[in-house]
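Below are two complexes that have chain A in common, paired first with chain B and then with chain C.
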Partner chain A sequence: MKAIFKRELNAYFNSMLGYIFLALFLVISAVLFFTYNILNGEMNMNMFFQSILTFSLFVIPIITMRLFAEERHQKTDQLLLTSPVSVTSIVLGKFFAAMGVISIALLITAIFPFVESFYGKLSIAEIISAYIGFLFFAGSIVSIGCFMSSLTDSQIIAAITTYGVILVMLFLGFMVGNTITNDIAVKILDYLIPLNKFSDFAYGILNIEPIVYYLSVMAVLLFATVSKIESRRWR
Partner chain B sequence: MIEICNLTKSYGDKLALDHVSFTVEKGEVVGFLGPNGAGKSTAMNIITGYISATDGYVKIDGDDILEKPYDVKRKIGYLPELPPLYSNMLVKEYLDFVYDLKQIKTDNKEKHIQSVMDKVKITDVQNRRIANLSKGYKQRVGLAQALLGDPQVLILDEPTVGLDPQQIIEIRDVIKQLGEKHTVILSSHILTEISAVCERVIIINKGKIVAQDSTKNLEQSMSEEIQIEIKVAANAQTALDTLSSVENIESIETVSSDSDTESEFLLKVKPEFEADVTKNISVSLAQNQTPILKLDKKMATLEDAFLKLVNVENQDETDATDETNATQKDDNKEDSDNESNI
Partner chain C sequence: MKNRYKFGAGAYAIFALFLAVVILVNVFTSLIVKKFDIKLDMTTQKMYEITDTTKEFLKDYDIPTTIYITASDLEQSSYEYFVPVREILDKYAKLNSNIHIKSVDLSDDPSFGSKYVQPGQTITRYSVIVDAGERFKVLTLDDLYDVNYQQSQITGFKAEKKLTSTLKYILNDSNFKVYFITGHGETAADGAKQYLNDANFETEDLDITLNDIPEDASIISIINPIRDFSVGDITKLDAFFAKGGNGQIHLNSLQQNLPNLTAFIREWGIEVNNDVVFENPEKSNRIITALNNLNRAVIEDTSITEDINAANGSVVYYYSKSLNVIADQLSACEVTPLLSSSDNSYSKPFLGADTESEPASDDRQGPFVLSAVSTKESNVPGTSSSLIVTGDMMFITANPDEIELAYGFDNFKIYLNGMLEMTGQQDETAISSKKLSSNMLVEVTPSHQKYILYSFLLIPVIILIIGIVVWLKRRNA
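Now for the complex of A and B:
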């Protein structure tokens, strides 16, 4: 797993992909920080986190689309699958590499609260919890991307299907409480949309429920990815 | 060392491998020969654990790949048809990665990688990006990858494809050297390659083994009849009269008889009479004052054996499908496709 993680992380920065992701992510989060916090003179970073959360939905597929589709396209999966490593460790290595790129981006955004801390009193606990929450949230989106990438050998199709799933999630999110009012439907949909589970983190509450929720979303999707790759050998 | 039993693989209705069984002894170099689409790559992919068989099993050193996948995979070095290279990596970086990936344990990692690079002569490109290498060098990096960790078994799928003649000879020498210490299965549709490198050949067509024997035996079994080419300075009729007076010639075929002063024939002779016939021909031609311009013995090669075996197979199939009915037209189309591929 370590070898795969190392190679994947390097691969992001051997090509333009890692830099494109970082540039996009950082430019947009800087703009958001500037409009919400600096222009309004606002110390609370809640709005900032909520917005980059939504925004990240559109940049994460950039780094997940290649994960398995590229291997299959270049036939390098032949090397991985004939090496003495388990499919689970291949999937986890790749998952953590994508998370690594996101972590690098988040680490750089830590400049924003740091700058703020010169001008007022900052709730550090709240910010740390928001970052933790963001990582959990990103993990669930990355695992969607992982799974979609394992279904095809075309990176473009992997990206488009990931965007498709994300868009459906967003629309359902808007409809919950507005168009959809049935109690049971609302409850079920609430569970299907990772976006809704973030608010606790943003308020500095490290609740066990959303953490378990995000972990199980990741577990289910990564398991599905492993099964998908294993099953391909039998066809 | 390698034991393959009843290996079957079907893709939907299509049988890519049909109950293939063979064994390879330790230290043997075995050639896997067949036309395109015969199932060579499928068989290799199953042996290395990349895909699974529909039926049958593969045992390496007595261990089934499904029961002890990691132990077995550690013993195999695999060069697939398309070398599995990450084009964005440097050669050295890539080999480093493969070393870690395969969890190879040697005393000195650097030294081991260096020795493998020396073996396939890629030391001078070690700091170049794989994407910028020529096809030949990419193939060698792929081979280096398979050699890392000094695995007991090497599975090489068309290792010399796309190389220039000089490189082909070099890679063949490398494989010959490897055959001294490793068990090698090598696939190819180039026959000279197999006869140059392998001790034993397995000929496969449409997922079935049609022959397996030593390269030598296979060539010999083909020479039930020796063909003698002869060209004389006389018109066809005169020469034919002289030739037919010689005993023990199975058949005489006139190859060219256009000119009055030259004609060419192809004679078929049983091996045991070959020496006598050659002697008698020249004597009787000399008595008739007919100069011999060319006298040549044609030996059956592996190529003839291959073409004969594969064609017989294809013929059978076509006959069978013809008899059934028109709904299987597709199959026939496939047959003829295969034939044109050979």
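Now for the complex of A and C:
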């Protein structure tokens, strides 16, 4: 898994993809942070995190679309699948590599609270809580991207289907409480939308429930990805 | 065949089993979180924690109580000002099985809450209704936060303070009763009454010229009498205090001393001077507000003022009579100053409309005692009586919404703290509002903003340049 992780992480930064993702993520987060915090003189980064969460839905597929689709398109997946590495290790290696790129982006955004600390008293624990939550949330979106990428040999289709899933989630999120008011439907849909599980982290609560939820989403989708790739072995 | 099973229909079965296990783990986690308090509060102010005082109180709380929240679960979890409230409410329910939380969506049930509506009150979204059948109380978000409307800033979070106080109200069959004495042209002080009602005190007016002080009186409050008390009235007061009663007297600084009342107060070791205390307008104790020019009193360190001092609070006054502590001449009393004027204050004899306010060389120089509490043994063995005397009625005759909410002054708080101390409810003051530190960035000048934006945008530009260089190198390699 370590070798796959290294190979994938290098692949991001040997091409323009990793740099484009980082630049895009940082431009969006810088504009959001500047607008919500610096211009408004607001110390609390709650709004920033809530907004960057929504925007990240649209940039994370950029790094997940190539994970398996590109291997399949270039036929290098045959090589990978016949290598003495388990499919689980391949999937986890690629997953953690994508998470590595997101972590680098998040690490750079740590400059935002650092700048804030010159202009007021910072609640470091609350910010750490939000960053932890963001990583879990990103993990669930990356796992969606992973699974979508494993279904096709086209990066474009992988990205579009991932966006499709995300848009359906956003649409359902909008419907919940507005159009859909049935209690049971609201509870089920609320549970299926990863975006809704972030609020505890944003408010400075480290709660095991959303952590288990995000880990579950990752586990189910990565398990599905492994099963999908395994199924190609015997076909 | 084996592979067909492993990767064919069997794979779907394994996936379904895995999914079922994951769902079970989530349901189990959700149940554990609901049952046990295993969330970690990462906030600086420990917004979601409750004090040991409340935990102790909840151990003995035995009245089945339903707390209704007039908002859907989704609304509660997505409104940042309600999230801490819900967290605190859940803690109460976890610590006491008699307390149940129910959410009511007003869109589904608009008529809900009509039975809880008091005159002049409406049930709005995000109201918290504490219902124990016979007794109930409606709390709004305004009740659960300290808000400084002048600065449009939330300064404190007091959900725990309010909830514990409400449950105590429910628990107590009879609450402490404060009689507001009338019959001498006293000021009505409706704001003070409402403030006491909110803190679970019952209030009632009592014309002492016609009636005796009832047995159920815990405290009497005399605010700005303009006619003197008769000997008979004073006898009634003496009888009340001799039985362990307590009282607060708030005088009008712009009025002549009332001889009988002043003599009664003197018996408590407090001498009321027939003067007016002014603060030097040139000095920093003056606060200019839309109300008027107010003066910040010096808050002494006592059990009544402890939480106000801890929160760096302010108590203000226009003018005041000065008080002399003469307890050493009356050994039966113990007198403690609560509020004083500043070193820059000065006092002039009260001459009615002819009273000058400008400082002069023959003025008495401050500081002066403006408010004091006197305690002495009552005739009931093992009990004592307390009397608080204040030289300016403005402490509690102003509108609490203006004084406390708009300006954040603690005039009513010190009044209430006095009442709580007199009735042995000091625990109430033990649960303080959680002071929310300023959420604003300070001194971010426009030029700073410009540099911050440029430096933030420079980072992605540098990353893109590195990316292009790497890409070009690999292309040409």
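Rule of thumb we're sticking to: the second predicted complex is superposed on the first by the 235 of 235 C-alpha atoms of A that agree within 3 Å, B and C clash if a C-alpha of one lies under 4 Å from a C-alpha of the other, contacts with A are read in each partner's own complex, and residues count from 1 in each chain.
The working rule: contacts are C-beta pairs under 8 Å (C-beta built on N, C-alpha and C of every residue); 3 or more make two chains touch, one makes a residue touch a chain.
Computed from a prediction, not measured in an experiment: that's the story for all the values here.
*Asks:* Mind checking chain B and chain C on superposed chain A, clash or fit?
*Replies:* With chain A aligned, chain B clears chain C, so fit.
*Asks:* Considering only the touch criterion stated at the top, classify A:V176 as touching first (chain B), second (chain C), both, or neither.
*Replies:* second
*Asks:* On the chain A superposition, what angle, as a multiple of 10 degrees, is formed at chain A by the C-alpha centres of chain B and chain C?
*Replies:* Between the chain B and chain C centres, as viewed from chain A, the angle is 170 degrees.
*Asks:* Considering only the touch criterion stated at the top, classify A:S83 as touching first (chain B), second (chain C), both, or neither.
*Replies:* After superposing on A, A:S83 lies in contact with chain B but is clear of chain C.
*Asks:* Does the superposition put A:S15 against chain B (first), chain C (second), both, or neither?
*Replies:* Both partners, chain B and chain C.
*Asks:* Spot which of chain B and chain C makes contact with more residues of chain A, would you?
*Replies:* Tallying touched residues of chain A, the top partner is C.
*Asks:* For the combined overlay, can you note the least CA distance between chain B and chain C, rounded to whole Å?
*Replies:* For chain B and chain C in the superposition, the minimum C-alpha gap reads 5 Å.
*Asks:* Intersection of chain A residues contacting chain B with those contacting chain C?
*Replies:* The overlap between the chain B and chain C interfaces on chain A comprises residues 14-15, 233-235.
*Asks:* Across the complex, what residues on chain C touch chain A?
*Replies:* Touching chain A from chain C are residues 3-4, 6-7, 11, 14-15, 18-19, 22-23, 25-26, 29-30, 32-33, 38-44, 47-48, 72-75, 77-78, 80, 83-84, 87, 105, 107-108, 437-444, 449, 452-453, 456-457, 459-461, 463-464, 466-468, 470-471, 474.
*Asks:* Using the touch definition from the top, list the residues of chain A that touch chain B in their complex.
*Replies:* 2-4, 6-7, 10-11, 14-15, 74-86, 232-235
*Asks:* Going by the contact rule set out above, which residues of chain B touch chain A in the complex?
*Replies:* Residues of chain B touching chain A: 11, 45, 48-52, 69-71, 73-74, 76, 78, 80, 82, 84-89, 93, 97-98, 100-103, 145.
*Asks:* In the complex, go through chain A and note every residue touching chain C.
*Replies:* 13-16, 18-20, 22-24, 26-27, 30, 33-34, 37-39, 41-44, 46, 108, 111-112, 115-116, 119-121, 123, 125-126, 128-129, 176-177, 181, 186-187, 190, 196, 199-200, 203-209, 212-213, 216, 219-220, 223-224, 227, 230-231, 233-235
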